[in-house]
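Quick heads-up: structures coming right below.
What follows is chain A paired twice: with chain B in the first complex and chain C in the second.
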Partner chain A sequence: MEKEKKSEPVSKSVLKSAKEEETTRINVGPSPHFGHIHSTTRLMMTDVLIALVPVILVSLYVFQWFAVKQLMICILTCIGTEAACTRMRNRQSTLYDGSAVVTALILGLSLPATAPWYVAMIGSVVAIGIGKMVFGGLGMNLFNPAMVGRAFVMIAFAGVMSASGYELASTGVDALSQATPLNIFKQTGAITPIYDMFWGVTNGSIGETSAFACLLGGFYLVWRGVAAWEIPLGVIIAVIFWGTIGTIINPESQWTVLHHLFSGSLLFGAFFIATDPVTSPLSAKGRFQFGIGVGIILMLLRSFSGYPEGMMFAVLLMNALSPLINRWTIPKPFGVKTSRIL
Partner chain B sequence: MNLFGRKKSFRGGVHPPGKKEFSRAAPIEILPPPDKVMLATLQNVGQPCQPIVKPRQRVVYGEKIGEGKAFVSASLHTPIAGVVQRMKTMTFPNGRHLPVMIVKAEGKQVDGEELVSEILGGEWPKDCMRLYEPMYIHDAISDAGIVGLGGAAFPTHIKITHESKQPINTLIINGCECEPYLTSDDRLMMDAPGPIISGTLLAARALGVKKMIIGVEDNKPRAIKALRKEAADTEIRIIALKTKYPQGSEKQLIGALTGKEILPGKLPGDVGVAINNVGTIAAVARAVARGKPLTHRVISVTGEGIVQPKNILTPIGVSVKTLIDFCGGLKPDAARVIAGGPMMGFAFTDLNTPVTKGTSGITVLTENEVRKEQETGCLRCGRCVDACPMHLVPTKLALASRYKALQVAEDYNIRACFECGSCAFICPAQIPLVQLIRSGKMYLAAKDRKAA
Partner chain C sequence: MAEQPTTTERFIQGILPENPVYRQLLGLCPTLAVTANLQSALTMAGAVCFVMFCANVVISLIRNLLKPHLRIVVFTLTIATFVTIADRFLAAYLYGMSKMLGPYIPLIIVNCIIICRCEVCASKQSPITAAGDALGQSIGFGIALFSIAFVRELLGTGTLFGFQVMPETWPGWGIMVLPPGAFLTFGILLAGVNRITMYQDARKKHRGL
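Moving on, here comes the complex of A and B:
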């Protein structure tokens, strides 16, 4: 890396023949000489945080101090872990890019309110430490860090993270007294009113319950160009397609396409988790295929497995496929008939 | 315009702020004769010219002082009358050290109105093109030492020739000027459409083509109007293109106008197209119709860091400092002086460097524009992929270059990159993509040399 010698252009003053003092300030640097002022990693992460505000507000309203506890533990542990990792590897701190906080919030929001403190904490350490830093930090990881953390605690603490773990009758929080909408349906066949699912006054992982909040934040992300629209679109198309077929096969079922869309972290995952740029494909075409893939795996899991957390597995599986998708959706260079890589 | 009323364009690209407002409103002004000019012997792609004058020799305005002997080379002429000085070596913004011929002004100079009307004004031939023999046109261009004035500086007589190896069927004149800030072409089209139209007809005559297109970005409505008016009774079509960077890049422009894609490593001639910049074509008209060599060109001196941005008809070879002083000097917060525009231009290290035939502008940026955020890891967001007009994967190319994975870089067509800067411009992680890719290409070139 010594070869990139001119990489600190602004500070270097090169004029030796400085008769006039005005010329001494002139510096050199490589082209292009200016960049997009509204496009920086920090700003992207800030936009994600802004988009998460409605989701966080709903979670605070529905789960009250359970949500506060979950999010605080995740944020503090993630920041701590990232700082410790960079220090251990003797690298410059990477906290300023804001990605640790984003991971923390996504992880926190995808946990059940009832999960004990050590679940959030261990999940965070695994998310940052194993999900991101061992790969070499931001941009190098193959899997979505938050989902790595969540998958770990899901398996390690199967008891508290299972479907029944969501319930906790003896608190003042209403939502916690029932099972999640998907579970109620699985076990009893009863349908949660779509209205409740839209506004989010149901049980579930603390960030996933409100379709409204997820859509609001999601549209903001897409509007800002931070989340690639191809991914949520792909997911939603796949789910609507599958759901419609389900309705056609089984017209009596009360569980409609809308129930599919509004339940079990689908929208939260489609807009906030699957759209993680690092772990999704590079080209627009690839991202759309990625979205479709997430949607299909999710519906497969919902139809044939007992896990309401289909989203997590769907994203992780598609993450693993991303490099492959990248390979076959590599853009054709201008003027080239066939790409040499394929 | 096509079926959906959409302007012609290419896929990819970015929308940097235009910043044309600094100098667009300033009509072309003439620089008073300088007391000396410094003329590099190599101002074009290819071989340098051979000096044909000795120190202390007297030369008159427009006299040939360097002969372009090699095939890819261009002759050199002095823009002022004076006495030849000893040669010197100077460093140019692109990093090359070149021998420079110096002419010190002496005697009576052609100046002001006279010069403007000779270069841009008056009547230009638009009909009776049969009077001009193709060979005569070609020789006149060659004698005048004309090179591409859009920045590439490829000798023009190789492109506009009656004995082209490939059959040419379309002549495209490039008036896009897609680099931010620069307005010299825009101003030339507004103020002097005459030589542009005339030059286009002459070049078409030399090439024996019927189809003539002038492509202009749609952010230059006045230029389009002026050209359309001037071209009213000719067969030249003026086409407005979408304003997008890099619309003015040869391959992208040809693709947008003709739908033909040029393979990496191939030239416009391979798809039957000859392409020239508007400034170049105006110089062609001057050379053919008036027998004058390329001695002057229009340069925009613009940007946040300049006191009074201007478009200047300037003798080739004056120092950057002379031009800046003519524009009221630098502002206190000026931070970088660039030859050309901010996307592809090179920064000047020394303001005593002369401008060359290929200098289309001088852009002065302040600390505010050149400031860079801290680099972070690549987010793999794909913005660079969407932006690349060559449809490459810049992040892959840059990483491969950084870790010297030359085979990967080559497989991903690193050689097709023409360093337009779109990817680095858009990258949120502030990765110096162009710089990395450039270094990757350098490693590859070194490897090629070793293999040869």
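Moving on, here comes the complex of A and C:
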């Protein structure tokens, strides 16, 4: 009898700590430990939301009601799906950690403004339901949920999600009447002025147009320590490297390295999508390799595939590789001669 | 030796409690490959039904002649005979369907559901039981193919058996017709079936207590 009594509080505390583990994120890394440590998912997601503010503001300015509609549908559907899934699994509600809203915003910002309502809705259901909850919720997913949702609608509704689907004449919104910079370049070779791409008054997925807003939000994320700086750095280095080779091979081309950097969803993806801490590698070295990989696949797709842009596929492919990168880059404890793989 | 199930038991077991696709997870290759529309799915189910029925009966008739170490070869050869008949029949009378199903009809030879039924039932029990078993399993297989193809065709093209059932404005979910759609649909339906089974088990336990 006494033994049972004694063992009870222990098992309870174990259960309690297991429960806490679901909601807290512990930053594991070699010493020295300083800098910001974001101990809860909620704080981290709040920072991401703050970082997304400039991006959202630009999207509201450029696409007006189209952006409002897209983002609202995504947020409502994602929250609904998350609530339904947690209920089905008889788990505590995870709505308050804010991850569903972040997924919704990133998915919404990566959709074309012209996409019909069902695209945003189905994308959100797939992102939360199949991208995240099927694997066991936040922290368990292999692939970036927002990109899973986007890939699903991209393949399901190829017509409205393809490059030509971005254009919509005869609306009050100027940006929508033109093709996206990358598509114009791919089809006709014409160059969009770099100034337009920097400030974001071009067509594109609603969150990706403004390089300035993405950089602003991205630097905030890096400064707060929410996003690992190695990933965007890796992506940008890979793109600059590839772009420079392109310029050397074809010096007459007006499409310079800067055009490569500021066009498409490169900066948005590098700072907001690829840096998802769940699906990117753990160590600094691994993150840098991950970033380089994303950049190379992105440029491969831009240069040789039928798609004008390849951020989504680049991130998804590298997500699949991140367990492998983790295995390659197990940090070596101080004083150990050879790292042992367990 | 434990008592063998009777013909009726074998028949009922095959339909839902031991459904070849949803409970045993056998024969997934054709399940995923030919369920883009209902017509090809039901043709496939019919072909499998014919082959399984004939193979089961023949194996059951010769079950006392089987040598243990050669039995799988005999199973495969028997199945291959009937698959050839089915394949040629389809090519003669349903040429379009035969073209559409392509290699999946010849691949019935290596369909593990049939070999499994020969091994589990036909090589041990009488021809009548084997026939009932084959029919039950085929119906189970047919139900599985039908359910997956129903979802995929409805969402993918908005049609059923080629007839438009959804409103004209229905945007076809292209992905549902492609291989990823098969995996997603199968996974979600399988989860649903597991959920129902869990619920039934819990209720049985509750009653038993």
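Here is the rule we use: the second predicted complex is superposed on the first by the 301 of 342 C-alpha atoms of A that agree within 3 Å, B and C clash if a C-alpha of one lies under 4 Å from a C-alpha of the other, contacts with A are read in each partner's own complex, and residues count from 1 in each chain.
Rule of thumb we're sticking to: a contact is a pair of C-beta atoms (placed from the backbone, for glycine too) under 8 Å apart; a residue touches a chain by one contact, two chains touch by 3 or more.
What you are looking at is a predicted structure, and each value in this text was computed from that prediction instead of being measured.
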| item | value |
| --- | --- |
| Residue contacts on chain A - larger count, chain B or chain C | B |
| Contacts of A:L43 with chain B and chain C, given as first, second, both or neither | first |
| Chain B versus chain C as contact partner of A:I130, first or second or both or neither | second |
| Which superposed partner A:I248 touches (first chain B, second chain C, both, neither) | neither |
| First, second, both or neither for A:F152, with chain B first and chain C second | second |
| Contacts of A:Y118 with chain B and chain C, given as first, second, both or neither | second |
| Touched partner set for A:P281, first chain B, second chain C, both or neither | first |
| Shared contact residues on chain A - chain B and chain C | none |
| Contact footprint of chain A on chain B as seen in their complex | 14, 16, 180, 251-252, 255, 261-264, 266, 321, 329-330, 332, 334-338, 342-352, 363, 365, 367, 369-374, 376-383, 385-386, 388-393, 395, 402, 411-413, 416, 419, 421, 424-430, 432, 434-436, 438-439 |
| Complex contact set, residues of chain A against chain C | 116, 118, 122, 130, 134, 152, 155-160 |
| Chain C to chain A touching residues, read off their complex | 171, 173-176, 178, 180, 184, 187 |
| Chain B partner contacts - residues on chain A that touch it in the complex | 1, 3-4, 6-7, 9-10, 14-15, 17, 22-23, 25-36, 39-44, 94, 96-97, 136-140, 228, 277-284, 287, 330-336, 340-341 |
